[in-house]
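Two complexes are shown next, each including subunit A; its partner changes from subunit B in the first to subunit C in the second.
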Partner chain A sequence: MMARILARYPFLPALVIALVLLALNGLYQPRSVSLIGLTGLTKTYLALMLLAIAQTYVVYAGDIDLSVGAIVSLVNVVLVVLMERWGGGGVSIFAAMAAGLLVGLACGLINGLVVAALRLQAIVATFATSIFFTGVALWVLPVAGLPAPTAFWRTYGGRFFEVPFVFYAVLLLALVLYLMARLRLTTQLLAVGDDAQSAFQSGLPVTAIRIKGYALCGLFAALAAFCITGDTASGDPLVGGKMTLFSVAAVVLGGAALSGGFGTVVGSVFGALIIGLINSLVYFVGTPSEWQNLVQGLAILIALMAGILVGRRTRR
Partner chain B sequence: MSKLVLRDVSKTYGATVALSHGDLTLEAGEVHVLIGSNGSGKSTLCKIVAGSVRPDSGRVEIDGKPVAISGPQAARTLGIGIFYQELSLAARRTVEENICLSDLPMKAGLFIDRATLSDRAARYIALFDGVTGEGFAADAPVDTLRADQRQLVEIMKTLASEAPILIFDEPTSALDRAQVDRFFEILRGLKNDSRTIVFISHRMDEIFAIGDRVTIIRDGRTISSMAIADTQPPALIRLMVGEKEELASASAPAPAPDAGKTALAVSGLSGPGFANVGFDLKHGEILGFGGLHGQGQSAALRALFGANPYVSGTVSLAGHPVRIATPAEAIRQGFAYVSGDRRRDGVITGRSILENVTPIHFLRRRLALVRPGALRKAAEPAISAMKTRFAGFSHPIDSLSGGNQQKVVIARWLIDRPDILLLDDPTKGIDLSAKADLFALIRELAAHGMAIILYSSEDAELLANADRILVFNGGRPVRELTGEDRTRYNLYQAAYEAAFGAA
Partner chain C sequence: MGEDKLTCLPGRRMLASHVDMAYLEIPSQRRIEIDFIVWFHFRTNLGGSLVKKLAALAMSTVAAIAVTAFSANAEDFKIGLSNGWVGSEWRTQMIEEAQAAAAAWKDKGVNVEVVVQSANVDVPGQIAHVRNFINEGVDAIIINPNSPTAFDPVFAQAKEAGILVISTDAEVSSPDAVYVGIDQKAWGAAGAEWLAKALDGKGNVVAINGVAGHPANEMRVAGYREVFANYPDIKVVNEVNANWDQAQGQQAMQNLLATYPDIKGVWVQDGMAAGAWKSIIDAGKTGDIAATGEIRKDFIDLWVKDKLNSGASVNPPGVMASALNVAVLMLQGKELKEPATAGQYKNAMYLPIPFIDSSNLDEAVKQVEGKPGYYSYTSQLSIEDAEALFK
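Presenting the complex of A and B:
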């Protein structure tokens, strides 16, 4: 019974862990579960959620993308520089965002071609492209600190009809994810990740499917970059670097198999949320700063183990 | 005009010639049987037609027109659907998704049309209504299904291609009688729709039940084709085997050696999938486990080897009671186990032949370090006893055909001879000449005093090779056949009568 529920909703353990962490947050800092607190949390971690979603689509196919962080950095600086260059008005913002999406898509396509068409090992190849993308980002904006137009970050941090903008964004994201779960591509990615040879023999265009997975990943990384830009209100050529492995951790926390063929984007979103809640909890508990990394690391390990133990218990 | 013609098709993998000279002519509205020993090139021939293997040379014509089958997608467009022997299923996807995987129905150009997908899958699931067994559902992930159910899904997937040419590479190896009967009914229907069907099986009765024409392949060459009605099983076997040694006689097994002492005594053994299994096994005796497939024979053998748990019952070796919980213990006590499921239980894929022959030697002798030269010397007699064809000890085991891989797996037990050999359908997917080699060896091992239990899903093998047969049904031995009683009639009667009684 439990096994069947878990097979259908593999993100349940992540959801439970996230709720427990949220309760703990509330216990140590009641204001953190208020509307303002939750808005702040969403504002800060929406980027990681999107990046975890990005990572999920390549993990579906049994691949991995270690360049997502670098793509975030690149799109961030391209966005900020173009908005500045084109005057910072409404039209220029949308034009720059379109350009940012294109940059993300291009990065994804490059990854896809290198991994799926040239058949290089995904881990090493995307590590190499991450260095390359970082290089391009540093060329676009050598030093951090160029501010984004006020209209951009005011919108991201602002409210419409008393409801914070990020909540609209989350709602829209939920709708997009709902639709994407029904994409033919999603099922094809999962089939490829399950057994690439079987998928090939079933007549699926395996190489094209994997490239599309990386392209999707690039697009979502660009969206993550928009959120980072809205949150930090500036350009930084290294802003996304440390997010890469967090995105992988979020995917695993969300119940997906790194070997491919199994997982949900919703789980990855909860995985990202878990990481965010752990970070804030460590802060609210009042951990001395020199201990924060250690406690954070331990907490993530415990969350991983909890998820795996639940999965193992029910599968046997 | 013929539906599909292959002319002089060849394929080599490195130094291994998988197919040297493949000629095949398929007509519309026929079931065309491919027959040949393992490694003779049947699967390669099928995969070339299906586009998943590219031939080095040769021509393919469909409806008289030359075509190039550049990949599985191209094959589908040309109207070819294939059942892969090793299956081509996505384990975490559901039954219905797998059935439609090659051609997922779409709406709005992007999304899966779930309703159409379910409807389409349901049509093919309905074909097997009543024989799919417990736990089979359209929305069940494939990895929750039994082996026979997965095979049914692959059949449904192949049928769902609605291709004019359908290739079935050993579709029945895990199916039970009722499932095979239903499948044959469906094949006959397809034949009447003038579809072209290629059928591969290692079961002679199936070949004669469903086939119209047969093509024999030997050593990568298509030897000849004929109408099934014009031939007999012995003639086919002779063509398959060629001018090689005689097959083991299919009748008159050696008399049971009564002189031997009891090697293994089992009573009241019960566990998941089997109950109340009891027997005495003497040195030098071959005890057969028979009956319909999946009636607890395998589960009981695996329990004896410590690979599956047992709940109650006693096992004693040469009079001493033992409790075996793990395969390592069983091996130290002198058990050997050879499974028909080579991929799961036998072959260490990706490693060399030498590494595949020697693991038991390491375990039983408690070796930690050994010179490769000494290891080779120990392995050589064992592997030559099995008449295994291979290019070198250092070649990966994956370079061998299924039959030769199984020979290597058996050879691993022959370096340090065990007292009790458990054979769990060891010839599944093995060609007839390898089977003959295997059974000759088993008889020889018994003559040297080894106690052997043989479970075989092929009744002819059991009748020809077992001194005594314990017929299983519903997890219990229901009848013991000895001496003159070991006839096909009695075996079928014991297996089927009880099965219908229980149902």
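Presenting the complex of A and C:
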């Protein structure tokens, strides 16, 4: 029974861990689970959630993308620079966002071509493209500093009909993910990740599918960049660099297998949430500063083990 | 502020008599609010002796409101310190000195409680630090920021919640924050000025820089370029990035020595200086080259032992302690004699930059004597120094 539920909803362990962490946060700092606290949590970690989703689509196919953080930085500076160039009005904001999505898509396609078409090792190839994308970002905006138009970040941080904007964004995201899960591409990516050889033999265009996975990854990384820009209201050519490995960690915490063929995007979203909640909890329980990194690392490890143990038990 | 009322509770305690007085002075409408908060705390605290806990919570909650009413004579401050990078001992020393500075306020009858968040985080992770502090209701936040611009919205939220925000070590663009620290451009210029003098204003020079695009690095680079521009016979033949990494600094210096055998001077920052000097010593050019140095004990010892021709701008780890002393005075409601309006963001208050060269090397040696090798030469604004800056 339990096994069947878990096979149907592999993100359940991550959900449970996230809920437990949320409860612990509330226990140690009641205000962190107030409406404002939760809004803040969502505002801060929506970008990582989106980046974890981006990473999930390549991990599905057994690939990895170490350039997602650099894509976030690049889209962030392109967005801010274009909004400035085009005057900062409503139309220019939407035009810049469209350009940002295109940049994300282009980065994803480059990764896909390098990895799937040229057949370079994903881990090294995307590491190299990450350096390249960072270089482009530094060329677009050499030093952090350009502010985003007020209308842009006021919207991200604001509220409509008394409900914070980010909650609408989460709802929309849930809808998109629900629809995406029904796409044929998702199944194909999982099939490639499960066994690329047999996927190829059964007639699937493996190379094209992997490239599409990277393209999707680039698009979601661009969306993550929108959130970063909304929350930071400025351009910074190095802003996303450190997010890359957190996105990989979130995917694994969410129950996906890095070898491919298994996982859910919803799990990755909870994985991102787990990372955020652990960061806060480590502080709220009063860990001395010199131990915070260590405790944080241990907590992530424990969460990882808990998820994997449950998963392994049921998959047997 | 349009957000819910639970946010502005500072977590402080007061005497019971104060509490009763305060409770009576609160309008009945707000008492309902307090009762609700007590109920809320009660709901969220599980286990333990409930009655006792309820009583304690009621007390502390009312006390919290009372402090809001009596904040003029409260001399208890809670200050949050946020550090977003744990890659070097310098940062550890920075936090330790700030904690010591907080403890020193006790002699003045002021209780300064510091809470620290220090971990390797990305920018959103450090924004979360700030949000955690806002949730906790600190009086002031002192931050060594991972980005100059990314904190504008969250600092605006902190200010709305009545929190004083001070950045240190790296400037921030937010108009809601004050920068207390050194001017990185002047820091870079001081080293260049020393180097130009050491070379009698002529010769080929190379520069080894930190991380491209990092604001502090760009400001330092601007600083030395401006100085060298005044010396027509000094030629900067190459500038490389070694990412503030000692090993990369050593490697870069090796390459530069191989490419330009006639280098007379090296302008290099922080820990990379120790690496660069190692290459210079290995190449047997100790006597022929003048290069900037750094402030860790290991290097100062080497400096003395090998009689290096060096000079070091000091970015002291005590900057956060200085910022803390300034913060406490600001929380006491004092006003700066000269408002903090310096720098490119018009919100900076620059601290003096000490400089170590052969004239005062002995003094530096004395200060770091008996400390571990990674200990940095330091200086900070004492409470008295800081008071002198206020009206």
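Some notes on this structure:
The rule is short, and it goes like this: the second predicted complex is superposed on the first by the 315 of 316 C-alpha atoms of A that agree within 3 Å, B and C clash if a C-alpha of one lies under 4 Å from a C-alpha of the other, contacts with A are read in each partner's own complex, and residues count from 1 in each chain.
We take it that contacts are C-beta pairs under 8 Å (C-beta built on N, C-alpha and C of every residue); 3 or more make two chains touch, one makes a residue touch a chain.
Because the structure is a prediction, the values reported are computed rather than measured.
Partners subunit B and subunit C fit side by side in the overlay (superposition on subunit A). Contacts of A:133 after superposition: neither subunit B nor subunit C is touched. Between subunit B and subunit C, it is C that contacts the larger number of residues in subunit A. In the superposition on chain A, contact of A:283 is made with subunit C only, not with subunit B. In the superposition on chain A, A:205 makes contact with subunit B only, while subunit C stays out of contact range. When the two structures are aligned on the shared chain, A:187 is found in touch with subunit B, with no touch to subunit C.
Legend: residue contacts after superposition of the two complexes on their common chain; A:40 is shown touching subunit C, with no touch to subunit B. Once chain A of one complex is fitted onto chain A of the other, the partner contacts of A:296 are limited to subunit C, with no touch recorded for subunit B. Superposition on chain A places subunit B within reach of subunit C only down to 34 Å, the least C-alpha distance between them. Counting contacts as defined above, no subunit A residue meets subunit B in one complex and subunit C in the other. Within the complex, the subunit A residues that touch subunit C are 26-27, 29-37, 40-41, 44-45, 47-48, 69, 138, 142-147, 153, 157, 228, 231-243, 246, 276, 279-280, 282-284, 288-290, 292-293, 296. Across the interface of their complex, subunit A is touched by residues 50, 52, 71-73, 75-76, 82, 84, 87-93, 97, 101-104, 106, 110-112, 114, 141, 144, 157 of subunit B.
Of all the residues in subunit C, the ones that touch subunit A in their complex are 3-4, 6-7, 9, 40-41, 44-46, 81, 83, 86, 92, 95, 115-125, 127-129, 131-132, 134-137, 147-154, 157, 173, 211-215, 218.
On the subunit A side of its complex with subunit B, the touching residues are 7, 179, 182-185, 187-188, 190-191, 194-195, 197-205, 261-262.
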